[in-house]
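Right after this note come the structures.
Same chain, two partners: chain A is paired with chain B first, then with chain C.
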Partner chain A sequence: MASLTTNSPGGAARSAGETSAVWRERVGRWIFYLPLAFMVVFFAVPMALTVVFSFFERTMFWMEPAFTLFSYNNFFFSARLENFLTSMKYSALAVVICFIFGFPIAVFIRRSIPQVAQHRVILLFILPFMVSEIIRVFALRPVLQRNGLVNTTLMDWGLIDEPITSLLYTHTGVVIGEVLSFLPFIVFAGFLAMEAVPKFIFEVCDDLGVGHRRRFTDVILPLAAPGIFAGAVFIFVNGLGVALLPNILGGPGAVNAGLIATQAITALDFPLAMAVSAIMMATLMGLLYIGHRLFDLTKILTPLN
Partner chain B sequence: MSETTIATDKAPAVEVKNLSKHYGPVKALRNVDLTIAAGEYFVLLGPSGGGKTTLLRTIGGFHKPTEGQVLLHGRDMSHLPPDKRPTTMVFQAYALFPHMTVLQNVSYGLKVAGIDRKQAEEKAAAMMDVVGLSGFAERKPHELSGGQQQRVQLARALVLDRDILLLDEPLAALDAQLRKDMCLELKHLQEKVGITFIHVTHNQEEAMTVADRIALVADGNLVEHGKARDIYRAPVKKFTASFVGENNMLSGRVSDVNGVSCTVDVAGSQLVVQKRGQQVAHGQPVDLSIRSELVQLSRANGSNNAGDGHSILGSYDEAVYLGLTTSHLVRLPNGVEMTSRTISDAVDDLPTPGDPVRLHWQPEAIRLHTS
Partner chain C sequence: MTDEYANPWLYRLKWLYMLLLVVTLMSPVLYVMYISFNANGFGARAYDFTFEWYRLVFSDTLLLNALRWTLTLAVVVTCITVPFAVLAAKYYKTAQNKLPIVFLLLAPLFVPPDILGSALLVYFKSLNASFIWLGDQLGTSMFDGWFRLSFFTAVIGLIIYTIPYAFIVVLITMGRYRTEQTEAARACGADGWRAFWDIEFPQIRAGVFSACSFCVILVFNEYTRTSLLKGGFDTFTTVLISQMLNTGMSPQSYAMSSMVAFTAIAIIGSIIIFTLIRTESLSRLARAKAEPVMSS
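Coming up: the complex of A and B.
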């Protein structure tokens, strides 16, 4: 009896070992929730606060709790709405141009470059990101400006008599900047999307006599659609939100949502900045919803069966 | 007019003349000549990277020949694209349109050819019955097994009504049992549709199952071709003997030539072999082959001199039990290992390793190879 009830030293050690194993298991389980906690604290909460603050009332240097639609009123019934919609239009244009240039590059890399070299070629598209975006965008000024590289070259060749002034400080300038900044993303997205296209499918098309147009519309596009859409949304949202581009390349009227919000912050109108951000978020979510209904975006992560 | 029609009727399905294909310095095909009759089940057999797939793809129009011609039904089609040829291709795997249903996959080629949707789908459905896919019309490729996916490819190719079907390792992605079943089905399918099948494989069992005739392709050369049975029983080339069947390969020098046969010195034993029309000279190095199942094993008794020209002495190494058969490995005096294969349990009293043994065979079982 005694030997059964008395805890031997060995037993104590064992129970201590068991406790630490239990603890390890418990900690192990919770450690997976850390990223979730991080995302909640630093991502979800600020996003929610953005919406909450957008209804606050503006004070001289900050804001105070209230429920007013003043900021939204300020946005929707001013030139800001028009600027916002115009920037949506031009972002969409940038997406289309990126697609026209970028997707064929992705298809080319997949089809015509040996498999071992494909990823290295893709890596080349990361190189521009090694230069600070400000520098990269700013470097466009001496290229696009009145007596910049493009204009002087065209004039030297005698193609134009007067410099084209619409290349810079206009929507054109912003779109050029967006295309140059975001082109790699459609190449990446297109490259990944092409993974969903089976190995021998182009040869099957040769065999069946499928022409180039049909091959694109019937085979490549449907298979690559989810990936292309993801890339397109990314570019569109950045075209709308990155204030840097219109700040450096844009001008009067050539702004985007990001710059509108930045200007509002500079003017110490924090609720307005929050409202602009909230509207952008709503726009993005709407787009993603439409995209999901159309292409089932979960497919992006499972390209091959 | 009538003369040309007759000529095309009589022309073989495929005629390859002096065909070469180079990729830079790599010679994938060297001066290949080959004729395949209409309605034949023809197999291109050989090791990976030997050029058999290149040959198939050049016949199909997926590669342009560097030199030489491809004639299909007597017409030179060396430079026509795949869809303008009377050929169609079944690929290894991963060659279905993943976003289309089985029916759409099979009927797509017809739609591209301009046949209206309803007619195309009826025809596709009929072909799906032929290949055993009825009831799968609305499935997507990822819902099918590997074997079913290859059936879809077959239906998609056959529905085009072209009369030469090219199959590029069509069963390579399937597991062993399924491959056996599909082999027989392919053979029966070919008999049913009656068109020419050209099938590429590196698997000799697969080749033997389906083929009327086999061509061996290795190192860019067409090594040998002939009826499946002849290739197995009486290969002319050394490579064929080493690739098809389980052959013992011996090398030696000719020590005597007389009439239809000659004597070859292999590790000190004088072996008599039929020349089978090959030219040999005294002292010439040659190769011999003999199938392991035709080699019999017995204990060396009394005199150690075999001497009859149809046997050789060695020391017993080990027995490898393979289920149906057992392989007995015997080491010859020159270090070469020979195998004698018997039905398992036929020999009760096995020699122990190191015992002297005698390997013997019927005179016509051993074959001479000068190249």
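Coming up: the complex of A and C.
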């Protein structure tokens, strides 16, 4: 419409300029779809295709189109399922520990630190997260070893006589690794979630004479639930999916979904790896769906709008 | 603020707890740094300070090569991810239905590295196979090797990994920007790009720069996705991890880990110091403006 009205009076040169401007506007509008298109092609489609590939039949080095439940059979009727469920248990334990240690910090930052300084304090927690997770996990080995930092310190203080050997190459080691790797996330998620709890709420609670415990369970927890849930899902799923944690810190029996998938890839059993990925995605989607129905997860981003 | 006055000791105790937790989270890294300067390596009784292990790292051509690859990867990924994040954030602000955008851009956060890596690996392998098949049908070899594992596939994997972080950071800074300013610029005759570059960008610059530094650090640190998707080259972490997995921790690998940690601490530290100085100077400016003019 606009081009019609502007085209008539000007000369040829002007109309050429106009069309190029119009053309630029049109490209400008489409360019906003570029990131989304990229994510669809290289993220959503590959993730969806894992389900398709998981039904394929395994060949010597690759796979061929078919419909077989062999990979799922391979997963559900073997020690893999047991390992998967065990890793779920320990992952849930890590979530609880992270919440107990990390969430009070998010409350504290929101409540007692001046607004301008809050982001700077959060940066402190970004620091450990910015050092490669793998390096931090590897670095746990010399800390937790028989003659490592923890044991030597405890023995120097005379608290124990013999080094504790159950810290490393056991499920305990994996849980310690998960807590130390993912604790910052509950602080971030809690920090975002506490945006939904205005400061005056604490004063109102004080005025009404509500105890600390009731304030926490009846006021803070329901308001901050979406953010806490998002953080918890993040930690839970990563505890299931980061292969290097059980690989480096775990002992016998410490196998999670990520490790099963990478081992399957190494063994060139691609359909099995895809089946594990599909199961993980189903778990993730199921959790996110439940969370969304219960707490409406889009609330987390309301402070950004 | 309330309990700061009500009970100063409790307030200090909470601060202490928080700092203690940060130190605990950092303790493995700090311990590795401590070991990396010991001439006798891990577990030795004597502690002799030395830079020897760092010198060894820098004289290793394999490592220097890997370092070069890592930096190239980091720069390329950052140059694509950050503009993507800005575009997506701008689109998000105006979009009617925000849920699909949030889902697409934030979901990679929730997908564990090994799962995303293996899904992309199989996807690229089958894409490659189908492109070669397509080329055969059309009688051309033009499509061969587009999606063979290479620098390009590693870049794609890392963009997907870094884009949620960049998106959130840019979106947070964009939250303070008022879109009326863009409308005013457009009404004055500026085109979309001018309005963005001259009016909006200066205001979200801090967010864009921190998104850039985040991307660089994340790519520098990433191991799982890179090792699954890379072609025939090595990055700093893949060399480090394969050395650790195959031969165990050597004094040299302690030095390498510490170097990665030092880089991250330097970047985050300089961001904190930079913002401190900036807010300080801004508040001084504001105070100077607010001060009444004395006529004497």
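Remarks
Throughout what follows, the second predicted complex is superposed on the first by the 290 of 305 C-alpha atoms of A that agree within 3 Å, B and C clash if a C-alpha of one lies under 4 Å from a C-alpha of the other, contacts with A are read in each partner's own complex, and residues count from 1 in each chain.
Just so we're on the same page, contacts are C-beta pairs under 8 Å (C-beta built on N, C-alpha and C of every residue); 3 or more make two chains touch, one makes a residue touch a chain.
The structure presented is a predicted model; accordingly, all values stated were derived computationally and were not measured.
Of the two partner chains, both chain B and chain C are touched by A:206. In the superposed model, A:233 lies in contact with chain C only, and not with chain B. Partner contacting the larger number of chain A residues, of chain B and chain C: C. In the superposed pair of complexes, A:174 makes contact with neither chain B nor chain C. By the document's definition of touching, neither partner reaches A:245: not chain B, not chain C. When both complexes are overlaid on chain A, the residue A:275 reaches neither chain B nor chain C.
When the two structures are aligned on the shared chain, A:288 is found in touch with chain C, with no touch to chain B. Once the two complexes are laid over each other on the shared chain, residue contacts for A:198 go to chain B alone; chain C is not touched.
In the superposition on chain A, A:219 makes contact with chain B only, not with chain C. When both complexes are aligned on chain A by C-alpha atoms, chain A residues 199, 203, 206, 305 touch chain B in the first and chain C in the second. Chain C contributes residues 1-4, 11, 14, 17-19, 21-22, 24-29, 31-32, 35, 42-43, 84-85, 87-88, 90-91, 98-102, 104-105, 107-116, 118-123, 125-126, 129, 156, 159-160, 163, 171-172, 175, 191-193, 217, 220-224, 228, 237, 240-241, 244, 249, 257, 260-261, 264-265, 267-268, 271-272, 275-276, 279 to its touches with chain A in the complex. Chain B makes touch with chain A in their complex at residues 60-62, 81-84, 88-89, 91-92, 94-99, 108-109, 112-113, 141-142, 156-157, 160. Contacts from chain A toward chain C in the complex involve residues 21, 24-25, 28, 31-36, 38-40, 42-47, 49-50, 53, 62, 101-102, 105, 108-109, 111-112, 114, 116, 119-121, 123-128, 130-136, 138-143, 147, 149, 180, 183-184, 199, 202-203, 206, 233-234, 237-238, 240-244, 257-259, 261-262, 264-265, 270, 273-274, 276-277, 280-281, 284, 288, 298, 301, 303-305.
Residue ranges of chain A in contact with chain B, taken from their complex: 196, 198-201, 203-204, 206-211, 214, 218-219, 222-223, 305.
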